[in-house]
Amino acid sequence: MLKCSLDKIQNLFAEISKSAKLYLPVDGKDGGASYGEWSEGVEWSGALNTTKSPKDFFFPQTEDLMAFKTAGKSIEIIDTRSESEDFVVFGVRACDAKSFDILDRVFLSEPQDSFYAMKRKHGIIVTAACTKPSETCFCQTFGIDPASPAGDISTWKTADALYLQANTEKGTALLEKLGAILEECSDDAVNAQKEKTAAIMQKLPLKDLNTDDFGGGKTQELFNNPAWDELSQSCLGCGTCTFVCPTCQCYDIKDFNTGNGVIRYRCWDSCMYSEFTRMAHGNNRLTQKERFRQRFMHKLVYYPENNDGLFSCVGCGRCLAKCPISMNIVKVMKKIGGNKGE
Amino acid sequence: MENNQYLREEIIRMSGVNPTKCMKCGKCSGTCPAYDEMEYHPHQFVSMVDNGEIEPLLNSTSIYKCLSCFACIERCPRGVEPAKVVEAVRLIAIRRQGANRMTANDIPAMVDEDTPQQLLVSAFRKYTK
Amino acid sequence: MQVNEYKPLIVAFCCNWCSYAGADLAGNNRLAYPADVKIIRVPCSCRVNPMFILRAFQRGADGVIICGCHPGDCHYTSGNYYTRRRMAALFSMLDFLGIERERTRVEWVSAAEGAKFAATMNDFAQKVAALGENKRLEDLRCKK
Amino acid sequence: MQKITREQLIEKASELLANGTVSCVLGWGAGEFGYDVTPTVFKTAEEMKTGFVFSDFCGANFSKYLVAKTQKTEGKILVFLKPCDTYSFNQLLTEHRFDREKVYAVGIPCEGMADISKIKAICGEGISSITAEGDTFIVTTLYDDEPIAIEASAVLAERCVNCKSKKHVAYDELMGEDGDVLDSGRFDEVARLEAMTPDERFAFWQNELSRCIRCNACRDACPACTCEKCVFDNPKSGVENKSPANSFEEKLFHIIRAFHVAGRCTDCGECSRVCPQNIPLHLLNRKFIKDINEFYGDYQAGAEVGSRAPLVNYTTADLEPGEVFNREG
Amino acid sequence: MQRVGVFVCWCGSNIAGTVDVQAVSEALKNEPGVVFSTNYQYMCSQAGQDMIKNAVKEHRLTGIVVCSCSPRMHEATFRKTAAAAGINPYMVEIANIREQCSWVHKDMLTGTEKAIILGKAAVAKVNLNTPLIPGESPVTKRALVIGGGIAGIQTALDIADAGFPVDIVEKQPTIGGKMAQLDKTFPTLDCAACILTPKMVDVAQNENIRIFSYSEVTEVKGFVGNFDVTIKKKARFVNEDICTGCGACVEKCPMKKVPNEFNLGMDNRHAIYIPFAQAVPKVATIDPNACNMLKNGKCGLCARVCAAGAIDYKQKDQFIEEKYGAIVVATGFNPISMEKFDEYAYSQSKDVITSLEFERLTNAAGPSAGKLIRPSDGKHPHTIVFVQCVGSRCESCAEKGKEYCSKICCMYTAKHAMLTRDKYPDTEVYVFYIDVRTPGKNFDEFYRRAVEEYGVKYVKGMVGKIVPEGDKLKVQASDLIANRQLHIDADLVVLAAAIEPDKSARPLATMLTASMDTNDFFTEAHPKLRPVESPTAGVFLSGACQGPKDIPETVSQAGAAAAKVIGLLAKDKLMGNPCVAQSDELMCNGCSTCANVCPYGAISYEDKEFRMPDRTTKIRRVAAVNPAVCQGCGACTVACPSGAMDLKGFANSQIMAEVDAICK
């Protein structure tokens, strides 16, 4: 275990940013935190988490795929890909760190998504353990320990120091570069913090939420549950839950006509949108109930069915906090699963 | 001429009256109770100011004969407000004079049972800078 | 490219009955105005959707001007009155977002006002040129 | 602190359900944490007793739900309307968006609703309970044993701080006393921005709108946005997009959205309430309202049913678009 | 994808002088959809047109772009060419490279560049054009005239003479209007009754004309050629078909003290009454506010004396629905109220009267049997003062007067003054005027005669105030020419009150979706070129409802309106402009925003059943544009937030394509 005294943390950031662009949560004027690039004087936010998840670094909301240039009646195809530079995403929470496992299974399985793969190759994830999980947190439902986050490097922040531990080769390589700022230390302080966090975890209102009623093979049982009507009736059909979700991975590919050619790009899509997966014959899910059901069935049934029981939710609680009408996966799990969580 | 132009603008500014709105119907003079006292009549004030013939007005006693009863303002179908023009011309005249033609000290001597108080107030306003 | 060579691209929406005819009259009288003014004919100024204006800026226009019949002269009796309200509100909003107010204009040009049309376009082009390129409402994708 | 209680509302609803006036109730459903309420349809008094909630967090404007719910429901729907909701209610009626006969509207007084993000800004995350005591909220967290007391007035939602009216403009029945239209400072922030230089304004909005993730929550929550299909969802419209691909797209969406509701927006503030990125979208709408009031005389959308919105109206003496800027000092 | 042909015109050297036409046609060849591009000296010539026709055949063109002069010049020409070549005329777009390019730019390079861009914009648009076919609608061959004054009478007679059926709706119990109340008419001084009543009889006897008297229009639906109108026939409690107009009931009626509106309240009538001797239809009407039988069921005298048995106390308002192809508005005018003119003491003295009251006082059928008397004491007046422009040209106080000139007062005042002096040479007659306006045939001569031959004293100036004192009226006025104030002791004062549109006009305009000005006069479609048409197709204007008018003018406008109506009714079908708005029902949410801005009332709403995605059906209110009424301005397309409303020929996508092409 290595540590860096908190008064030297800006030096640590400076050192990291020498070899790679460093992104970390920063406080916005509006009170929310979001990832920003570090430069001198930029402070690491003390917020529990960012509004938008760090999936944006690997699977950006909008991403150009290729371009076509037209001249007269000829069309030229332009490959707009280029080698990405190394970058570090710092301060990722355990739940979001877990989300990359979920995204990887989608984008890195064959055929691999080269855009995503490129960024995964060059991105180093430095996680930060939670000490004050919120009432909306339910990562433990999915077996995640917020006090022991994964990532290339895990960190723990205490009152006076930041403790670091590399988990992967990439992580080790980065820590080696940081040299003198870090010093070897015991893991006593970290263990103490873990215990404290574990105690808080026992107080969380959603601590007993479990996935017993969900998982692969439950389609028949859950699909026609009458509760979907009731649950979906208040859904506005906006994409907030999808866009703040660290595991939602649907996108649409669109062409933008620039006047001189076309830029083909992809952008996040939401299964809550009426135009989602619109095909020549029209849409396959015609009502908000069907769209609503799809989102949760996917996270809780279809995805685990195809991915060895792994749920496509990490319990980060963003959708609980951000849904305009407070309808969310927890309410769905409790109602559909008959799981009252108590 | 230039001076007249200046005075015209000044009177228009002070009175807030647009003399070009006048359609020369003469209703102001038709309703004026002080008509026979005046050398220049309300409609002439409007038309003469519009034409820049202001000196004759300034030199006439008509500006002091206007009772400021506002009948002309009330009756004018075009909203021209001749009394305000008269008032503005009078103000110009007063400003040109060296001293006030009436001071507060003069008033006690004028007070008697027959003179309405309002007349004194009005006179004081008219004859004072 | 030298600065003084910069020529603004201006889109002019002209109503068919007055302003388009006014532009034709400017042509008949050979009254010159910059070639960077491109006219789009619409039946009435009230046909101009704010989306068209933003679209023009997106695609690289530096100024957008809407010309219609004088208030009270609309071929459709009241179309330009709606234009007047809509554009007053829209332009004020663009200004609120910090977009230069000189880039947008509404001008009433009758079919008899060829000279006014040319003068308006000259004046507008000059004012827009003074602002330089439209940076605040451009879409860089369209510059590629 | 609300003057009317959950129990009073349940009692009223039970009475109306029992005597057959209404067949169901559109109300606030309890959530997990006390502050997260979900619009819910209750069919029986029993359902209400377990699931209905009325608290200082019931800010959501339900008017828009009536568009879909009145189509699907047999009989009348009971809806509780706070004063500001009644404006949206009227505006929807003006636009023929639902059948008035299918709604039984009960006006309820509102003392202003709390903004949970303001509470969290003071207490931090991990709220385990919020109890209202008089004009104070007592907040306990998962970490500290010491409860925190907050003045309710300090955590009022923005739209309630600048409440425009405590008067109900539509109802079948009123509970409690009706209030008055208020003289609010709701345009102060707009005026502050107007006083900035264009460069400052541009920077301000560039920063605000750059956070937009185009989740459409502002639109989908908006009671004025009830188009069958929004132009931004319609591939045929030429402006359809699913992402804020760049700063132009961000501006396009928000300018056009504000323009489309200009003169129809009642200033209910839902857009800003629901924005996950806390973009002050209501300022765009208020700019239009402020302009309309100044250019064409005061107009409050929804104040009455059937009024003609200013942008679909005119007088021959309206000011010219060019005069808009000259009139500013 | 279209197959577009591009035809670049040289226009001799008009275009080719500043635009490299060859370069333009070459450049446009590469545009999407373009399969053929050429240039020629005069595209509009027969040879040029043939070139287009041949190219259409040879290259199977579906769209045509002509780069030439303004579309205002030759769009119609090339549309005809396209039609002759067998493609839809609306598949033609013109790029204006003459008026808006070659003529305003001097430099060949600039001109050519711009011409190419304008050409590209036209190509971009034509690629999105769709064939448009003008709509057709049938015409109901019947006209409705609202208002039975001289304007309505003349219009109805002229339309009926052309062989079309006409209905007149008149809210009073008789037709005749204001003219029936007049005594003599200027400038020829024929008696109004002598020239009007024969026309009224003509109306009554014309087989093509139906009169709905004592009736009002309550609802108008439909559009040009196809109006559906509901007419309320108010209960007159007398069976019109049976009543012979003998007047026995009137004689016996005990309720004798009802102010007679025909004589402007200067005498009384009975509760059952016939407004005047020559009324058409000449039937009695019971005033329900005065009749004892109707009020409290006591009396019934008239029913007993009516030999025909026409009295029917149980009669109810009747609603008649009828279809019309054209509607003529002839609602006329009224003098404004004098109540607010305190300075003229109208409310204080009976001897201050309006000009219309003066007409009744001098009319042989009037309250004084034509003898000029003072209403207060019945004495003969010696000094009479006429005041002109009372409430006319009055800008300062909108509640009191009107800003406009009422136009007819100068002439009728001259008439009154002249007639007074003629009949009573012992009188002294003053006329106070601001201007005397006499533009009209023989008008100024008439006025001069009043002065020169009859000795009427015209005074340039206005009356400032009138104070009743004893049996005199103290008139204080200015004489601007003499620069003095006049004080006249008058016996009678006559006020030339301004006239205003009838109060019924405003609600009628709303029903007709016809526009009005701020004074409530109907607006004409064009102030010079279409003076008798309303902007709303199928609605025509006759008489003073459009603006102040005298009788000769009213009658000529009435005839003009009739001609327009006849022109419309003579058609079997109406062809529309195909560039009209169209609503996409699937996207429309029925909010009515579009209908609010439509100047023509072309948008209506219907409840339509839609099949929903979840297999249920839903009834939604959606907009429907009537293509026969829509003129294609496009105001609705911008008002519609969802873009459900689009304009054919100028669609959102087409205009955006033009923008894109210009800005790239």
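Miscellaneous remarks
The first chain written gets the first letter, and so on, giving A, B, C, D and E; residue counts start at 1 in each chain.
The rule is short, and it goes like this: a contact is a pair of C-beta atoms (placed from the backbone, for glycine too) under 8 Å apart; a residue touches a chain by one contact, two chains touch by 3 or more.
For clarity, every value in this text was computed on a predicted model and none was experimentally measured.
Among the remaining chains, those touching subunit A and also subunit C are D, E. Within the contact network of the assembly, the step distance from subunit B to subunit C comes to 2. Ranked by separation of Cα centres from subunit E, the top chain is A. Should one ask which of C-D and B-E has more C-beta pairs in contact, the pair is C-D.
Greatest Cα centroid separation from subunit D: this falls to B. One inter-chain figure worth recording: subunit A and subunit E are separated by 68 Å, centre to centre, where each centre is the mean of the chain's CA atoms. Subunit A and subunit D have CA centres that are 30 Å apart. Separating the centre of subunit C from that of subunit E, both taken as means of CA atoms, is a distance of 35 Å. Centroids built from CA atoms put subunit E at 45 Å from subunit D.
Shared contact sites, meaning residues of subunit A that touch two or more other chains, fall at 256, 258-260.
Contact of a single residue of subunit B with at least two other chains is seen at no position. The set of subunit C residues touching two or more other chains comprises 50-51, 55, 59-60, 78, 82, 86, 141-142. This structure has the following touching chain pairs: A-C, A-D, A-E, B-E, C-D, C-E, D-E. By the touch criterion given at the top, residues 30, 32, 613-614, 660-661, 663-664 of subunit E touch subunit A in their complex.
Touching subunit E in their complex are the following residues of subunit C: 9, 11, 16, 20-21, 23-28, 30-33, 35, 38-44, 46-52, 55-56, 59-61, 75-79, 82, 86, 118, 142. Those residues of subunit C whose C-beta lies close enough to touch subunit D in the complex are 50-51, 54-55, 58, 71-72, 78, 81-82, 84-101, 104-106, 136-141. Of all residues in subunit D, those touching subunit E in their complex are 71, 94-97, 226-231, 234, 236-238, 260-261, 308-309, 311-313, 316. Of all the residues in subunit A, the ones that touch subunit E in their complex are 72-73, 257-260, 283, 286-287, 289.
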